[in-house]
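Two complexes follow with chain A in common, the first pairing it with chain B and the second with chain C.
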Partner chain A sequence: MHAAELKGLTKSYGGQHALDGITLKMEENRIYGLLGRNGAGKTTLMHVLTAQLFATSGEVKVFGSDPFENEEALRKICFIKESQKYPENFRVCDVLAVASSLYPRWSAETAEQLLKEFRLPQNKRVKKLSRGMLSAVGIIVGLASRAELTLFDEPYLGLDAVAREIFYRNLIQEYAELPRTIVLSSHLIDEVSGLLEHIYLIDRGRLILDEEAELLRSRAYSVAGPAAKVDAFLGGRSVLGKEQLGGFLRASVLGELGEGGMAAARTAGLEAAPLSLQQLVVQMTGNEAGYEEGSA
Partner chain B sequence: MTFPVDDGRPIFQQVAERIEDDIVDGSLAEEAQAPSTTHFAQFYGINPATAAKGVNVLVDQGILYKKRGIGMFVAEGAREKLLARRRHQFYEQYVVPLLQEAEKLGISGEQLASLITEKGRG
Partner chain C sequence: MKSRTATVALMHARDKWTWLFIPWMVLLSSFIVNFAIGLIARPENFTTGGLMSILIYMLVAGIVVIHQTFSFALGLCITRRSYFAGTVAAAGGYILLSAVLLAVLLLLEQATEGWGVGLHFFELPYLSDSGAGLALWTFFILLLFMFFGGLTIGSLFRRFGKQGLLFFFLAATLVFGGWTAVVTAMDWWRGVGGWLMKLDFTIVQTTFLLLACTLVLAAVSYLLLRRATVQA
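Right, the complex of A and B next:
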């Protein structure tokens, strides 16, 4: 059984496709990265996956069944939104009390530990919390829920570097103790790239990349040097993008460089280096025309 | 974050090398317990499955061994085994690029040799 399965999922608003024919399968107990620019459709996808939005067409399954008005399925899902709202008069401890009643696998111990680490006052009213503190509440709910499918949508708005480290460390700890399927949507790709096992990249509502993170690490590279030499090297290769500074050219190339390619570049007097996940995402989603498989 | 390094090599391989480094420089002694994969994952901010894969590479090579229910330990003779392998790799990894760069800069073999012996004298 898959933790989540989408088949030809489309969500339209007045003829505009927010999601356009997305098909993917998430296995149980893995950590997925959902990446893409603002407005790409990540949040919409997570809303449809958690039955908070109807799909226009296509199929959604969570742990084998349609999650819509399906209490059993919904208790296995915890979705932490980027700008999660809580009732006006709730204190932090009220939020946690409600969450603990919603999630059967709730860990009070985890919640308490995180409250301490984030230095979050339990009795403070949620509306009085700073943006970062509010994000911390979401993170606590997400991790302590121990939900079989936990989704974090940009969970760290306003969180400083220390607090983000607390999040990553506890995410790993929790995941190691009790494996679950985690979907992490983030713009801070370099920070999370080591955590992610599988990457989905969305651009303008379409899934343009569905790949194991480990394979992506050797999937693209950059070459830099004198423009004429770089151009000669690029002949026949699949170029993602080029940047020029005077006579100096840097190009991003899709494909595996390998030891042979590395040696060839060096012999030609060029610098070659693999692209980081963040650079790859920038290259694949940064241009106006959009990424097309096989385009040069 | 300085680790994992984005040099295109799989993270699990880098994990294995980190542990090897610790064994080679003696900070992880033979018969000592290696850090758990969870600690490893937390320390470097990587997925526990990836950390476990790196550890398993060393188990397969007989560098680490598993004590059931306790954890991973450094095998006897692991350091010598790693040193032998690294000496073997030294020429390819260090000497070849050194010679290439020296040639590019017009440093002759004799000059290079004297640079090394001077450094050796302090």
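Right, the complex of A and C next:
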């Protein structure tokens, strides 16, 4: 069984496609990265996955069944989002009490531990919390829920580097203790790339990349050196983007460099290196026209 | 592991301010003002509309509760069904509690001949001497009706947004306004009045009529919420 399965999922608002024919399958007990620019459709996708929004067409399955009004399925999902609203008079402890009674695998220990690490005052009203503290509440709920499918949508708005480290560390620890499917949507790609096992990249509502993180390392590379030499080297290769600085050129290239390519680059006096995930995402989603497979 | 409906009910129950403290503060402040008037001005046997305050508050509570908790609950992956059932259970409980308090205060008022100053604050029209049981029932139904009225408006807003709500009220005004215009133009008011007189509902019948309306409102509100979404 898959933790989540989408088939031709489309969500449109008056002819505009927020999501456009997305098909994917998430395996159980893996960590997925859902990447893309603002407005690409990541949040919409997670809302559809949790039946908070309805798909215009296509199929959504969570643990094998449609999540709409499906308590059995929804019980297994915890969705933490940056824009989560809380009732007016709720304190931090109220939120945790409600969440703890919703999730069968809730860990009070984890919640306790994280409260301490984030230095979150339990009796403070949620409305009065700073942006970072508010994010911490979400993170605590998300990790302590131990839900079979845990979705984090930009969970660390306003959190400083130390607090983000706390999140990453606890995420790994929790995952190691009790494996579950985790989907992490993030802008801080470099920070999280080490955590992710599988990458989905969304651009303008379309899924443009669906790949193992391991394999992505060999999927694109950059070559840098004197412009003329780089240009010569690029002949016939699929170029994602170029940056020129005087006579110096750095190009991002899609495809496997391989031993041969590496040797060729070296003999040409060029520097070649695998493209980092962040660079790859920037190259694939940065241009105005949108990314097309095979375009040069 | 509690049922999720129970969790929703307990979620609301945590908010004693919305459900208990604020409505009773509103009502009691109105009572105190009227009692003071009774003490100072010494009018003979006067009735007030103070009881309306808690009824209006219930309408507002119905509107506000969805705005306050629907996205939170759905954000925690609660089904709309559980949300609705839990909300109704919690509201029903608090409304029953309020109705009991009102009935007790009515008994006290009657026992003290209007708190010693002839003040009829907790008395409903036509209900001055029909016993505590019927008073309790009537309070309960009135509060419940107002709450579901609010809940329906809140659901309408949640489902169709600002424009939807505006459109609904515009349409309602047009339909009702049109009807009144027709009745006035055709000089039918006498007939309408006569028909109402002929119905001659007793208090008990009226409460059951209200109960039926309440059930309809509840059904409408549930159907609206079932298609309501959380965008962000």
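Worth pointing out:
One rule holds in what follows: the second predicted complex is superposed on the first by the 296 of 296 C-alpha atoms of A that agree within 3 Å, B and C clash if a C-alpha of one lies under 4 Å from a C-alpha of the other, contacts with A are read in each partner's own complex, and residues count from 1 in each chain.
Heads up, the rule we're going with is that a residue touches a chain if its C-beta (ideal position, glycine included) is under 8 Å from a C-beta of that chain, and two chains touch if they have at least 3 such contacts.
Everything quoted here is computed from the prediction, not taken from an experiment.
After superposition onto chain A, partners chain B and chain C are found to sit side by side with no clash. When both complexes are overlaid on chain A, the residue A:His47 reaches chain C alone and has no touch with chain B. Of the two partner chains, chain C is the only one that A:Pro104 touches; chain B does not reach it.
In the superposed model, A:Ser83 lies in contact with chain C only, and not with chain B. Once the two complexes are overlaid on the shared chain, A:Asp190 sits against chain B while remaining clear of chain C.
When both complexes are overlaid on chain A, the residue A:Leu74 reaches chain C alone and has no touch with chain B. After superposing the two complexes on chain A, the shortest C-alpha to C-alpha distance between chain B and chain C comes to 26 Å. On chain B, the positions that touch chain A within their shared complex are 1, 3-4, 6-12, 37-38, 41-42, 44-50, 100. Residues 43, 47, 50, 52-54, 69-71, 74-75, 77-79, 81, 83-90, 94, 97-99, 101-102, 104, 141 of chain A are the ones that touch chain C when the two sit in their complex. Chain C contributes residues 1-2, 4, 6-7, 10-11, 14-15, 17-18, 68-69, 71-72, 74-82, 226-227, 229-232 to its touches with chain A in the complex.
Interface residues of chain A facing chain B in the complex, by the touch rule stated above, are 30-31, 165, 168-169, 172-173, 175-177, 190-197, 214, 217-218, 221, 257, 266, 273-277.
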